[in-house]
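Quick one: the structure is below, questions incoming.
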Amino acid sequence: MIATYTRRELMVVAAGREIRDGEVVFVGMRLPLLGFGLAKATHAPNAVGLFENGVIRDRPAEAFIYTMGDPPNIAGAVACLGLNDVMSLLQQGRVDVGFIGGAEIDPLGNLNTTRTSGSGSLVRLPGSGGGGDIASLAGRTVLIMEHEPRRFRERVDYVTSPGHFPGRRRGGPATLITTLGVFDLTGGRVQAVTLHPGVTPEQVRQATGFELSIDEGIPATMAPSADELAYIRKADPDGFWTGDTMKGG
Amino acid sequence: MIATYTRRELMVVAAGREIRDGEVVFVGMRLPLLGFGLAKATHAPNAVGLFENGVIRDRPAEAFIYTMGDPPNIAGAVACLGLNDVMSLLQQGRVDVGFIGGAEIDPLGNLNTTRTSGSGSLVRLPGSGGGGDIASLAGRTVLIMEHEPRRFRERVDYVTSPGHFPGRRRGGPATLITTLGVFDLTGGRVQAVTLHPGVTPEQVRQATGFELSIDEGIPATMAPSADELAYIRKADPDGFWTGDTMKGG
Amino acid sequence: MAFDQLIAAGTVAKVVAAWVGNVAGGSGYGFRRAYEQGVPRRIVMEDHSNFTVGLALKAAAMGLPYLPTFTGIGGDIVRGHPRIRPVDDPFGGPSLLAVAAVKPDVAIIHVQRADREGNAHLWGNLGLTVEAAFAARRTIVTCEEIVPEEVIRSDPNRTVIPGFLTTAVVEEPGGALPSSVQGYWRRDFEPFLRYHQISRTPDGFQAWLREWVLDLPDRQAYLQHMGDATERLRVRDRRLAAAANFAP
Amino acid sequence: MAFDQLIAAGTVAKVVAAWVGNVAGGSGYGFRRAYEQGVPRRIVMEDHSNFTVGLALKAAAMGLPYLPTFTGIGGDIVRGHPRIRPVDDPFGGPSLLAVAAVKPDVAIIHVQRADREGNAHLWGNLGLTVEAAFAARRTIVTCEEIVPEEVIRSDPNRTVIPGFLTTAVVEEPGGALPSSVQGYWRRDFEPFLRYHQISRTPDGFQAWLREWVLDLPDRQAYLQHMGDATERLRVRDRRLAAAANFAP
């Protein structure tokens, strides 16, 4: 029997696969949070998760959380330090991988979450949060995006979270997970790795406002297993983040 | 009835009088620690004491302590932070007065606790500890010294705790309390304020390796009251710090 | 959300922040209107990342004019930033950025308990609370409970704000609602969602402002207007910290 | 005292410290002999103040090459110091000093309790413990008790060292004696005094070294040699931290 699943559930699975066992992960909320829990429950039982508010967990919160400061994310944490403490660990180079979302992306993996005039008039976005810090300081970053033409731009209006640039000290975007596929960014350009089941190269090209390379015969993103889906649906029972309409925005 | 008392008991009383009510005090060990407790018990009930290991107390420890990290100094403290936290408060300018001891002093209030060749051969002393920081950053400092000619030098071999110097941002030595008297240092030179009962100006001059000014008819340091002595003897029952031979060195 | 409410009410001239929005839905509409259209008034925005805000407060908390960092290099936040400048490593390593201190006039901190002197115990989420209290010229501590001083003294490592930094201490249970307070209150997510929806239009925001601020004469009226929320959100479970012995 | 013992035993090439002595009597004789006469070997001394050591470790803990400070200006510690250099405030304020990071190869931290992953609860005196654990390449946690992970998780704010920074965790009750451990052990002052007296001469130190190190084959023998100290110094009173509820 093939389980049905949403695009976002598939993205969670893809995010989880980016975490290797034993790694220190700068987690964040939404899909990466679920991906971290999924990785812990499957192939990466020894991964450790850092949250930018100071929380360090080696297992997901027992209950659904809206923000990383919510009480279930603190109860049962291994440590609850301050923001500057975990940012210091990040700046030290102790974080292997961090997750960041963005409103706009360019081929170098620069993310914009500050402001854009892409649609003609000025739109103010919420800002960096910890995104700019993770982009600057993590050992590598995994980017999570809605795959829409207006969001995939030759050049973003504002580089909130720097991608690849000459003189970068360490890290940089490694993988991009979108609603359409999984892409490699390590070469300073966007190379498709897998497309989600049913997605065609043409669809991806039309949804991308810049050149990207998709090899012929590119494989499909591996579908979630029944166990993986069961995990996600337990962690997000109302589909708040993983439903077809992501309620979390 | 006149209580008999030791020189060091008198120095504790003099140290306590340097603390004004409501002040934030960088305390230290030995005589200043006792002086802080005495001030709290008498004229400065609202003074707050900071210790360089991170402890903040608004009353003295319940039991005798050898070091500021000893458990009785932590039990009942209002806060126990880290060294850098209280040093940060000091650097912010939140500390009104700090106490420092030294092995050698010069007329500008420079203290040496690092190394000296004053007696001919090189002698290594323990080093700054927090002394250099208090000297640099407190609102004003009170210095505590054995009054001996070899310790009162025209120029100290090494400035561990800076006294007055051109371009000083704030603070500097205000008062010097010795085994012979109490001296004002605010003018960048040593001016006697009181001499301990029975001490003559001549004695002080002979014990001082540089020029200092002692006005004619200089008053005597006010002797400890019976209550003050009672406080000190309760806090230092074996005379560890205040006996005629200060066991603490 | 509080940022957005203050901005939409026209009380804010300048925002220094890494993120302004609503946990329920991303964008803050009040912030967007002020930034994009100058409605109800134009605001100056000083954009930061979380770490640069953290370092700006930490610099002030340490009594320093700035702190160095590697964060933000290569991005636009730090480019031409009024509070961030390039600096050399005096020991010859790679260049860094200097983040200048932010010294708030007032910090308002909500904690679980404090004594009458303002010595404050806080646990759970810390974020930048301690830095803010150390950095500010004046610090107002609001708390769930004012407790006897023995409670604070029983655990000096839990005291994150020493009383001599506290300008005023206010006992105001539920003072952080609809946000959570570990061990005392759960987050009430509905007000975030409702505010997000209603603040979509200026009229909607004005209705919210009347309902939740202007028409409520005092704290008591506010609590009553919350209905059963205080009962519903109160934490009744006990999951106590393991014993820590401070006996000397 | 530990500094002095290691130096007098000839195991130390360089000391980076603000204070080297003995709480019982000021000077450390082993340190003095090494510094003044090169006995048993010459040592390089890098003098600091408490705050410059604290900042050097904090810089490493923050992943920075240096931290700025105002401490020490006008004194000899910072003059020609290999790890301290003048820097300008890039925002035009008064000049400062930059203290370069100290990144220890190993930090050895004694705490009250830790779980098997090395998540460590520490309370009481902190000093620079946390900075050292964050700064070091490897951190060894010794503890009074290895406890079930639930104990640590019951109070995440008490975890000063997250387990992923811990290289090894060792259960060794009394491992900090003759120094104190809040709630577990009182300071034993006599060994400080005795060491201070006996270490006055090189022969005295050698006698101490034989008695307390060379002639004791293992930890068990060491504990036995301490006689009744472990019984005498053990804290039996209970003064527990006030309850803190972490229920979500």
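Residue numbering begins at 1 within each chain, and the chains themselves are lettered A, B, C and D in the order written.
Operating definition for what follows: contacts are C-beta pairs under 8 Å (C-beta built on N, C-alpha and C of every residue); 3 or more make two chains touch, one makes a residue touch a chain.
Since the model is a prediction, treat every value here as computed from it, not as a measurement.
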{"item": "Third chains touching both chain C and chain A", "value": "D"}
{"item": "Distance-maximising chain from chain C - centres being C-alpha averages", "value": "B"}
{"item": "Chain pair with the higher count of C-beta pairs in contact (B-D, B-C)", "value": "B-D"}
{"item": "Distance from the mean Cα position of chain B to that of chain A, given in whole angstrom", "value": "58"}
{"item": "Where chain B and chain C are represented by their mean Cα positions, the distance between them in whole Å", "value": "41"}
{"item": "Rounded Å distance, chain C centre to chain D centre (Cα mean)", "value": "35"}
{"item": "Distance from chain D to chain B - Cα centre to Cα centre, in angstrom", "value": "26"}
{"item": "Residue list for chain A, restricted to those that touch at least two other chains", "value": "55, 70-71, 74-75, 80-81, 84, 90-91, 137"}
{"item": "Overlap residues in chain C, where contacts from two or more other chains coincide", "value": "63-64, 69-70, 123-124, 126, 152, 157, 182-183, 186, 235, 239, 246-248"}
{"item": "Pairs of chains in contact (touch as defined earlier), listed by label", "value": "A-C, A-D, B-C, B-D, C-D"}
{"item": "Contacting residues of chain D [partner chain C, same complex]", "value": "63-70, 85-87, 89-91, 93, 96, 98, 100, 112, 121, 123-124, 126, 147, 151-152, 154-155, 157-158, 182-184, 186, 235, 237-248"}
{"item": "Sites on chain C touched by chain A in the complex", "value": "17-21, 23-28, 31-32, 35-36, 47-51, 54-55, 58, 69-77, 94, 123-131, 179-180, 182-183, 186-187, 189, 192, 235, 239"}
{"item": "Chain A to chain D touching residues, read off their complex", "value": "24, 48, 55-56, 58, 62-63, 70-72, 74-81, 84-85, 88-94, 137"}
{"item": "Contacting residues of chain B [partner chain D, same complex]", "value": "52-55, 66-67, 69-71, 74-75, 80-84, 87, 90-91, 110, 114-115, 121-133, 135-137, 158-162, 165, 167-169, 248-249"}
{"item": "List of chain D residues in touch with chain A within their complex", "value": "60-64, 117, 119, 134, 149, 152-153, 156-157, 159-160, 162-165, 246-248"}
